[in-house]
Amino acid sequence: MAKVELEQVIKAYGNLEVIHGVDLQFEHGEFVVFVGPSGCGKSTLLRMIAGLEEITRGELRIDGRRVNEVPAARRGTAMVFQSYALYPHKTVRENMAFGLKMARTPRDEINARVRDAAGTLVIDELLERKPRELSGGQRQRVAIGRAIVREPKVFLLDEPLSNLDAALRGQMRLELSRLHERIDATMIHVTHDQVEAMTLAERIVVLRDGRVEQVGTPRELYLHPANRFVAGFLGSPPMNFLDSRVVTSGDGWIECLAPGDLRLRVGVVRDPGVDGGGVVLGIRPEDLRLGRRDHGVVVSGRVVHMEYLGSVLYVHAECASEDGPTWRLVLMTKPDTRLQAGQSVEVTIDARTCHVFDGAGVSVTAFSRGEDSTTG
Amino acid sequence: MTITAHDSGALTGAKGGIRRHAFEYALLAPSILIVLAVIFYPIIYAIDISVHETEFLEKRAFVGPKHYLEFFGSALGWRIIWNSLVLVVGSLLLTVPIGMGLALLINMKIRLRASFRTILILPWVISQVITAMLWSWIANPQFGPARLVTDAFDMLPIDFFGGIDTAMASLIVVNVWRTFPFAMLLLLAALQTVPRELLEAAEADGAPAWHRFWEVTFPLIRPTVMVVTIMLSLSYFNHIDLPLVLTGGGPLNETMILALSAYEQAFEFNKIGYGSAISIIVFIVNMLLSLVYIRLLRSERHV
Amino acid sequence: MTAGAGARIARVLKNITVYGTLLLACAVSLFPILWGLATSLKTDRAVALFPPQWLPDPATLDNYREVFPAIGGYMLNSALVAFVTIVLTLIVAAHGAYAAARGDFPFKRALLFIILATMMIPGVAILVPLYVVASKLNLFNTFTVLVVIYSTWMIPMALWLLRGFFETIPSDLEDAAIMDGCSRMGVFYRVSVPLVVPGFTAVAIVVFIFVWNEFILALSMTSSEEKRLVTVGIYYYITAYGIEWGKLMAAVCLALVPIIGGFLLLQKGFIQGMTAGSTRG
């Protein structure tokens, strides 16, 4: 267990800065997930915390102590690598014991800890095997086992599940959650899989191009994305974005003109700026309703594509505007809805569920409504 | 607590000051120092000796290019250069085609391919000294099987390695026997990279075998042929063991080549200055051939 | 059908040519060795017969018995020098190769070039200075000088080869070792080195073949009988006894045992290694 703090952390390779002053704080025992697109610096950040990568500027503190200069093995961190990185020439037991041996832990204690960890992960039977004699899932467990025998204060995982097939990934996700409850460590997990992020995290850190875009609980990030990037990154299928124009604005609201001559009046916390300037409206697929409803404006379109997922149905509709190009909406509906490709549909957009992003992509949405209003 | 950068940095650290890479320099230092001491220093030393008068192991007066002029000014010098050229070119002219032919045969779908290959490689693993012994005994004018051949033609027994007319040719034959496996192996590896579809397409077009070889196969493996040629040239040019043991450069310097002459002058006649001058000539030829070789590898990589 | 018969005949002819040529080539490859072997098993009288006796009759091991004490000693010398050379080469080259594979540091290219460029300098070009220096350092006629020079000649090749092996080690593995508390040297010794054992084997094979077959340096750097390596020992047979072909061939056959035996056992490694080490003149 440990509190982890990053203060204005910068990483540069030569003249190339890849992490641009990150500030983060994690509490004791928290499960934190870093997400972001490929190349955004997730691994770099994690490796700096681990001590595998030098911190160019800024400060990293674990339990209040500056650890920038502390060698990796003495930071109380342990890491699980995407490739597992098991030593091919050592048995599972030796793999797990190696770190303890290096730390000159007494032999009895090493044996006891390895036994415990192996029991926890159900790999007792595999202890005398070499990594090449294990399946992918088993290697994964050993890699985790190697980290937990060291009883780390901070447990770092870099895309540990990405080499597993879907079923195994689901199972390991659950096991990681359970593991987190059982062991006494702050966990920092890197992934670019948003499902993994949403299901595992107590807090998510969304990164992009070496900067923190937003930090918050999965719910906060999903419901109140701070900017267009976060809004688009979390959620699948992604949020619908409509390029719009501000027509009039008042105290705490603006009226926008969206494609298809839609006029929507949405609440804002501040005026997004330039009169007549562009804003982007965002609507989650589940906030769109099929057919005419109360509250909201109606837009008509044509079904172009459907994704049936069993529990829900996603409908891709193409809408025409008077003079502009066609635009698309994706909406979620009940799986038993009878629709055909090419069929005309009407879609109701409820202005109260719209997110508004200003010209720079920053959210100016006023969330007056309760969180429940979007979950219906 | 302060520690150096590399302790906390990752292994694949970025470029930085020289001091932070002490680890890498320390790892590389023994290799550098040993080659500097045992190869670079001696070659400088050799150049130095070659421009001095010498007396046994001692350096005397500076004489400038005297030894070089002496070598190039003598009929024997040019004779030795000519011999080297004959040996290199003569061996190449036989080794490369033979290696190529055998590589082509082994590359076909044949039975016992691995066994053929193993047997054909054998001459190559044998040292030059032993090769020389084996062939001296075969060519022994009294009891060697070679006499069966001369007898069959009703000729007098010939001392192949001792005869003025036969020594160089015999040396070349042995040289070819020793090195054809090398050419064969490298060319075989190259042949195996030629796509079968290309050859099959040519065959479907009705191209005869020799045509397929020159039009399809050869252009594709030409870089390897060049590499083999250069590596063999270097090997023929530099070897001392085989001519030393087989002919000793004789008879009457008929098989004296540059490398052997450098050795002989220094170690048998104790003229280390003059011997060094010849060895520097050998060195320069090596540099030139190596540069061609590097060029070849470069251009191959760019294609 | 006649066309079919014609094609069949063509195929048979082709097969005869192909296999005939290959068999002939094999005969040429093997003949000198087999003739030497046959001679080594003959009595002195049978050696001096013409036309030659192809199979030894009576076959005898007398020649082997007679040459073994001396040749056995030379072979032991060669094995000893080869072994120490292998160890020294591996130790020096492995460290350098690791820096070359893992590090990114100023002057890396230049430093590697210095090492690799030495492959362009033929042994014969530096024989004299090596001899002079060895004499002045009182290292003449010692195994030490042979080991040092052989190692140096092999280091560039070994470094190049091992660098390729080190490059295949995933860097995650080494990061894991750092997390487990290894220093950078610790990572190298405990994780990287055990993973490139196949590379070490390849280098060991090349070095062994090289040392076992090397002649001219061993000849110029040693003078006493007890310091002779196997090639030198065989060379002196000619001059020492006049030529007793039966004994000489027995010595030759003994010297061939490790090299041919090794070749048959580890063919792939041999071929790889000899191709890599073949430029050293």
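Going by the order they are written in, the chains are A, B and C; count residues from 1 in each one.
To be clear about the criterion, contacts are C-beta pairs under 8 Å (C-beta built on N, C-alpha and C of every residue); 3 or more make two chains touch, one makes a residue touch a chain.
Computed from a predicted model, the values in this text were never measured in an experiment.
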**OP:** Report the chain closest to the protein's overall CA mean, measuring from each chain's own CA mean.
**Re:** C
**OP:** Starting from the Cα centroid of chain B, hunt down the chain whose centroid lies farthest away.
**Re:** A
**OP:** Measure off the straight-line distance from the CA centroid of chain A to the CA centroid of chain B, and report it in whole Å.
**Re:** 62
**OP:** Starting from the mean Cα coordinates of chain B and chain C, work out the distance between those two points in Å.
**Re:** 15
**OP:** Check each residue of chain A and list the ones that touch at least two other chains.
**Re:** 47, 51-52, 71-72
Original post:
Where in chain C do residues touch two or more other chains at once?
Top reply: 175, 178
Original post:
What parts of chain B, by residue number, touch at least two of the other chains?
Top reply: 7, 10, 13-15
**OP:** Spell out the residues on chain A that touch chain C in their complex, using ranges where they run on.
**Re:** 47, 50-52, 71-74, 77-79, 81-83, 85-89, 98-99, 102-103, 146, 150
Subject >> Complex contact set, residues of chain C against chain A >> reply: 170, 172-173, 175-182, 186, 191, 194-195
Original post:
Which of the residues in chain C come into contact with chain B in the complex?
Top reply: 18-19, 21-22, 25-26, 28-33, 35-36, 39, 47-52, 91-93, 95-96, 98-100, 102-108, 111, 114-115, 118-133, 135-136, 148-149, 151-153, 155-156, 159, 171, 174-175, 178, 183-185, 187-188, 209, 212-216, 220, 231, 234-235, 238, 245, 248-249, 252, 255-256, 259-260, 263-264, 267, 270-271, 274-275, 278-279, 281
Subject >> Complex interface listing, chain B residues touching chain C >> reply: 6-7, 10-18, 21, 23-25, 27-28, 30-32, 34-43, 45-46, 49, 57, 101-102, 105-106, 108, 110, 116, 118-131, 133-135, 137-138, 140, 142-145, 147-148, 177, 181-182, 185-186, 231, 234-235, 237-241, 244-245, 259, 262-263, 266-267, 272, 275-276, 279-280, 282-283, 286-287, 290
